[in-house]
Amino acid sequence: MRIDNQFVVPATPERAWEFLTDLGRVAPCVPGATVESADGESLTGRVALRIGPMNMTYTGEAKFVVKDDANKVATIEVGGRDRRGGGTVKAKIKASLTEVPDGTQVNLSTDLGLTGRVAQLGQGPINDVSSKLMRQFADSLAAQIDRPAPAPGSAPAPAAPVAEAEPINLLDSSLLPKKQLAGAAAGLVALVVAFLLGRSVGRRGAR
Amino acid sequence: MSHVETRMTLNGKEVTGHAPADTTLVRWLREQAHAYEVKEGCNEGTCGTCTVLVDGKATTGCTTLAVQVDGARVETSACLADGDELSPLQAKFWETGAAQCGFCTQGMLMSAVELLRSGEKVTPAKVREHLHGNLCRCTGYQAIVNAVVAAAEEGATR
Amino acid sequence: MTETVQHRGAETTRVVNTEVKRQDSREKLLGKTRYAGDFDIAGQLYAKLVRAPMPSARIVSKDASAAMEVPGVVAVFFGEDVPNNEIPTNTAGIKGRPQPPSWVLTTERVRYHGEPVALVVAENTRALAAAEALVDIEYEPLPVVSDPEAALEDGSPLVHEGGNLLSEWNIDRGDVDKAFADAPVVVEGSYEAQVVDHAYLEPETGIGWLDDEGVINIKVSTQEIEHYRRIAHVVGLPDSKVRVQAPYLGGGFGGKEDMTVEPYIALAVQRTGRPVKMTWTRQESLTARAKRHPVRMRYRTAATEDGKLLAHDIDIVSDAGAYPLLSGFVLLYITLNATGPYRCDNVRVRSRAAFTNNTPGSAFRGFGGMQPVLGYEAQIDKVADATGKDRVEVRKRNAYKRGDRIPAGQPIETAVWLEQCIDAVMEAIGPRPEPSSPEHRVGLGLACNVQPYGRVAWMNDSASAWVGCERDGGVVVRCGVPDVGGGQVSSLAQIAAEVLHVPVENVTVHFGDSSRTPLAGRTTATRQLYMSGNAVLSASRELRAQLIEGVAKATGCAEHELTLAEGGVLTPDGVVPLPEVVAMCMANGVAINAMKTFFAPTAKPVTQLIDSERIVPDFTFGAHAAYVEVDTRTGQVRPLRYVAAHDVGRAINPLSVRGQIEGAIVQGLGYALSERIVYDEAVNLTGAFYQYAIPTAADCPEIEVKVLESGEGVGPFNARGIGEPPIGPCASTIASAVEDAVGARPTTLPMLAERVLKCVDEGGRA
Amino acid sequence: MSDVLTTMAYERARTVPEALTLLAEGGEDTRPISGGQSLVPMMNLGLAAPAFLVDVSGIPALRTIGVEGGHLVIGAAVTHAELTTDPLVAEHAPLLARAAAHIGSQRVRNRGTIGGSVAHGDAAAELPVSCHVLEAEYRVESLGRQEWRPARAFSQGHYQTDLNQGELVTAVRVPLRPSHGWGFHEYCRRTGDFALASAAAGVELDGDRIKSAAVAVTGAADRPLRLEEVERRLTGAAVAEAEQIMSGLAGELDVADDPYAKGADRARLIEAMAVRAVRDACADARREQA
C-alpha cells in the first residue's frame, strides 16, 4: 500500500531538516510510541495501539537508509513485529523538503507492508485510521519542530526516558475523514503505521 | 494458569468442570463434559455447528464463554433421543436424508428444536429463516427443511 | 419430491434401487459418530504450523530459541529437520518438463501466502499459540506474480525455476479454420470463473500415535488413505510402518484429497514418541488450503443458419497457483469437457495452466468438468439467439447420441438421455412467478452439462474389497473406502445385502483403514460407487457361490437347484438359515469369504495433443432449469425455484442420489452468486469464514429433483456416478435466467449484485 | 517469558456500582462483556486479549424497558431478540425492533445486546445507525458519574466510540415521537451478513407533504452518516417527490473503495437503501395519521 502526504511547518528547511534527521526527537511525535534506545541514526522501540477491543504492540526498529544532507532527502526503513499476535509491519518512508513562502513543506511518501491477521481482516478501514494517525503525527511534528533545539555543543540529549506511552485510543480526533476516505493516496503516513481491523471480526454488529 | 470452576445442568445431568476463564462453551463441553457431539467448525460464530440450547435459547458455543453459562440449563442433541430410539425430529431427519456428513447435524437439530418449541407457525420459509445461521455444505438444505416441517406437523418438540 | 422415470426391462432388485435410510446417518443423528477430531489420547501433544505471512519471499533466517523457551513447548521443526522434506509431484504435467516438487516445510523460498515454514509441538494449545508468534523468521520479500496470463509472458517473475507454464493440453479435430471461413453464423464470448473454497464444515484434523509394533498410526479426515506411502517417505520409514485410518469425514469435496495434517503429525509422533493432535483453524484453511482453479475462457463458435454447431475455437488459461498438486489433471478435464454435451466435428482447444503466487489449485467437486460449463452453455444460447431458434430445440438438435465421439476422440458407449433431462425440467419448472414489486424482474434459465465419472484410463485404477460371513449369519464387508458423507459405505452395504439376500442392517462394513481393509483408492472423481461398488459386487457374488456350494455338498442338492433367499439358502425342502449354511461350508472345506479387485479398463496416457479412444470410463448427463428474481435497483439475484434432472443409469439408493444432487446444486449456486476468495497481489484477504459467503438456508430456493434411469451406467447394477455432475449446470442456469430477466448476461463469476446491476443498465429493462 | 501464558480473569457483576468499581480498579486491559458475540470471536482469533472481563449481562437494572419522561428507556443488557418482541419497543421505537430483526441469526440475537452493539462501534451495525435517526441518547456511567450522550456524536470511527476506560453504557433512551413513521433497509450479500449498505429513516408528515425527515446510512463512512443535505431537500416536499429528490444521491456520496466492494458500486446500493427506507417511513407515517 502506497501513501503520500505533505504538511508545512513554520521553520526554515535547515531547522526542519535538523529535526527530521534526529529520530530520537521525531519518534516521540508518533502517537503511542515508546522509544527504548535511539541515536540520531536509528532507534528501537515499541508502538502500542488499541482500537476498540483490539490491542497490538509492535516491537522493532527504524533507521535511516538514505540521508542526503545536500538535497535534504532521506529514506527511513521501519520494521516491527507483534510478539503476541504474530503480525509484522514494514515501511519505507521517503522524506523530502521544499522551501515555501511561510516555512518548509515536508513531503512524505511511504510504501507500507502489513502482514498477519490484522492486515488480512482489516483491509477495509486501514486507510481511514492511517489518515487519523497521521494527522495527529503531523500536528505533533509541526508543534515540536519550531521548539528550540538543544544548545549546540552540549551533550546530545539523552534518549527520551523509557516512558511507557499510554497506548493511544484514537478517540480525540473528531474530524470526519471525508477526503481521506477517498483512498490511500489522499492519506498522510508517519513513522508508525496504522492498523485497524475493518469489519469487526465477530458476527454482525455487537451482540 | 488460574482455572475457574463452572457448573451447569447438561442434558439433565449436573456437570462441573475447571478451565481457564477464556474457555469457550463449545471447548468446555467437549473437554470437560466429553460432549463430542458438539462440533467446532469455525471458532468465530459463523457456521453454527456448535449451537446448543442455553435455558431453551439457541446459543453459539464458540462465541459464548463457559463461565457465562455457569448455573444454566444446557441441552445438546444428546438429550433428544430416548436411549437408542431416535426422537421424532431425528426420525424425520433420518427419513428425508437430512444428515449426510453429519457435521452440521447437532447444531441444526438444536436450532430446529428452538423453532419447534417456539409455538410459531412452521412453514418452509420460516424454517429457512430460523436456520440460516446453521450452515450445511452437503445437503443443500431441502431435506432439512422438509424434515423440520414434517416434524412440526406432528407436533414434535424434540 | 423425487419422481423416478423408470427404464423398461430394468433387472428387478430387492434392496438396490429402493430408498434405504442410511445406517451412518442414524449414528450421526444420535451424536455417536466419532470424527477424526473427536479422539483424545492420554498424554497427547498438540501441533501447529507457522505459516508465511506473505506470498513471495526468500527466507533469510530462522530462529526457534524464543519459541523453545515458552513453558510447554516440546519441539520446533523447520524443513531441515524433516527426513524427506521434498514431496515429488506425479501430476500429468507436460511430457519432458520436470514438475517442481512441493515441500513439507519450505526452507529457502516462500511461494504462496500461508505456506508452512515451521511446525511447533507443545503440551497445550495455549503454549502452542504463544510459541507460534515467537518463532523468529526473517523474510525478504520477492517480486509477486498474481495474474496467470502475465505469469506466462516473458520477463514475468518466476515461481519455479523451470518457468511458469505448468501444463498445456490441446485438441485439434477436423478443419476448424475452414469451418469458420464458411460458417454463416459465428458467435464469440469471454468468460471468467473465480477461486472458491471447499468450505467443508469439519476443518482439517487428525491424531497420531506410535503403537507397540512401532507403526505410526494416524486417524485423519482424508479422502485418500493410500497417503500412508507418502507419509512413510516423509519420515523415512518403510510403507508398512505407517497406518492411516479415515473415520467418517465432515465433508471433503476434493479438498481432503491431497495430504493436510498427516506429514506434520507423523513427524511430531516420530520425534516425541507421544500421541500428537493437529487441527487447522478455519482461518488457516481459508487462507492456505488448495482451492478450485480460477479460469479465463475465450470461445468462438460457428453454426449453420438453423443452429447446428459447426466449429469451436477455445482458449483457456487456468491459474494453478504456487505448486502443481493436481492442476495438470484438472486442466485435462477442463480441456476434455470444453465443448459440453453437444456434437461438433471441428474443434480446437488450447488450455494452459500457469504457476502464480496465489494459493495452489487442486481437486474440487467437478474437477475441471465444472468451469467450462459457463462457456459452452453461454455459446449455445448465443447460437440459438443469433439463428432465432428456441434454446431448447438448439440443445436437443446438437445433443450427443450413443456412438458419437467427444472431441478428444473417445466414443460414448452408453445412452445419452440429455433430451429426456431437458424435457423433465422444462415440464416441471411450472408457470412463471410474478415479480414481488415493480422494481423486480423474473427470468427463466436452462443449462445442461456432461461430467465424466471414474478416473482417467492410464491411472490403471483398481479397487479391492473383502466380503465374508460370520458364524451368526452376519455379513462383513472390508473395503478401504473413505466415506466423505455421500453414503459411500452405505452403498456398499446395500450392494452386499442385495446379492446375499440379507437385510442391510445385518451387513457390517469396516472401512478406511490402510492396513486392516483392502485398498479401494481415493474417494474422488465420482469413482467410488463405480470402483468399490463393483469390487463388493463381484466379491459378494463369489461368496454367494461359496454358500451355495457348501449347501450343495452338505445336502447333496445340485447347485442349480439352490438360490439365496431371505436370510439363507433356498433348497427344494425349505430355507437353510445362514448360520447353518456357514456351518455346512466349514464342514465341507468351502471358504466363506472372498476378496475381489475390480480393474477399470486401461489405456495409454494421452499426449499433449489429445486423441484417444479411451480416456475416461463413462459420462453422466443432466439439465437444470430455474426461475430467478432480479432486483433492478440493487442487482441482487434471488433464485425462486430450481429443478434438476440427471440420468443416473440406476439409482442404487434414490435417497442418497437426491441428497447428492440437492447438495451439489447449492454448492453450484454459491459458485454462481456469492462465493469468492479476494486477493490483493496474491495476499489472501478472505481469512475469516464470515467473509466467505457459502449459501445459507434462507438464500436457497426449494429444489425439485428428477432422477432418470436409463439403466446404462458402467457402475454396479448399471449405475452412473452422480457425486460431481449436478454441480456443473448451476452457474449457467442462473446466468441465463438473469439474461431472460434483464436482457444482458453476466459472464464473470460470482454474479455479485454490482455486476448484475451493470447487466440491468446494459439490458435497458430497469 | 511466562507472561506470554497469562490467562484472563473474569467476574460477573450483580449490580451497576459493582461493575463500575471492577472496571475502574481493573486497570488498562479491563473490558465489560455483555453478549460477547463480537468480543469473543476477536479473542478466539487472537486479535483481542483482555486481561479482565466484567460480565454485565446479568445485572437486573440493565434489563428493564420502560417509558420515563417522554422517552422509552431500554436497559443496555436487553438483547436484540427482546427488541424484536417487546410490546413497548414495538409501540414506541418500532425502528429498533425492525433493525434488530436484521442482526445476524437467531443465535446472535438471543445473546447480543443493544448496549454491547452501540459500545462496540461497528460501522455497519444496525442499531447505532437507527439511534442516529431516532436522536437517541446513551446513558454512560462511571464511578460517581452518569450522563446522557447523544448517539450522533458517540460514533467516532471504526470500533471507536466516545467511551473511555472505566465507563459503561447502561441504557439507551429514545424520545417518544408517536406521529413519526420509520423505515429500515439493508443490503447484504447473504441473509444475516454484514451490510454492505443500510439506511434508517424517520419521517413526520403534514398531510401528504413531509414535515420533517431524518435519514442516516452505513457503508458511506467509518461511522453512521446523517444525510443532512437530503433531509433539507425532503423537508416540505410532497411524499410523491421523495424518490425523485433522492435520485443521484450515489454521485454525491464520497465512498472509499475496499477490496470487497468499489466505492461507486456501494454508493448505488446506499442510494437504493435510502430511497426504500424513506418510502417505508412515509408509508408508516401515513398509517400513523390514519
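Order as written gives the chain letters A, B, C and D; numbering starts at 1 within each chain.
Methods note: a residue touches a chain if its C-beta (ideal position, glycine included) is under 8 Å from a C-beta of that chain, and two chains touch if they have at least 3 such contacts.
Please read all numbers here as calculations on a predicted model, not as lab measurements.
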Chain whose Cα centroid lies nearest the overall Cα centroid: C
Chain pair with more C-beta contacts, A-C versus B-C: B-C
Longest centre-to-centre distance from chain D, chain (CA-based): C
Interchain centroid distance [CA atoms averaged], chain A/chain C, Å: 49
Interchain centroid distance [CA atoms averaged], chain B/chain D, Å: 29
Shared-contact residues (touching 2 or more other chains) in chain C: 126, 130, 134, 283, 680, 685, 688, 690-691, 696, 698-699
Multi-chain contact residues (two or more partners), chain A: 84-86, 117, 121, 123, 199, 201-203, 207
Contacts with two or more other chains, residues of chain D listed in rising order: 4-5, 7, 36-37, 40-41, 45-46, 104-105, 108, 111, 190-194, 259-260
List of chain A residues in touch with chain D within their complex: 51-55, 84-86, 117-118, 121, 123-125, 127-129, 132, 167, 169-171, 174, 176-179, 181-183, 196-207
Touch list for chain D against partner chain A, complex: 4, 28-29, 31, 34-42, 45-50, 80, 102-105, 108-109, 111-113, 116-128, 153, 156-162, 164-165, 192-194, 221-223, 254-260, 263
Interfacial residue positions of chain D with respect to chain C in the complex: 1-2, 4-5, 7, 45-46, 187, 189-194, 259-262, 265, 268-269, 272, 275-276
For the chain D and chain B complex, residues of the former touching the latter: 5, 7-10, 12, 33, 36-37, 40-41, 43-45, 53, 55, 57, 81, 104-108, 110-111, 190-192
Contacting residues of chain A [partner chain C, same complex]: 82-88, 90, 113, 115-117, 119-121, 123, 199, 201, 203
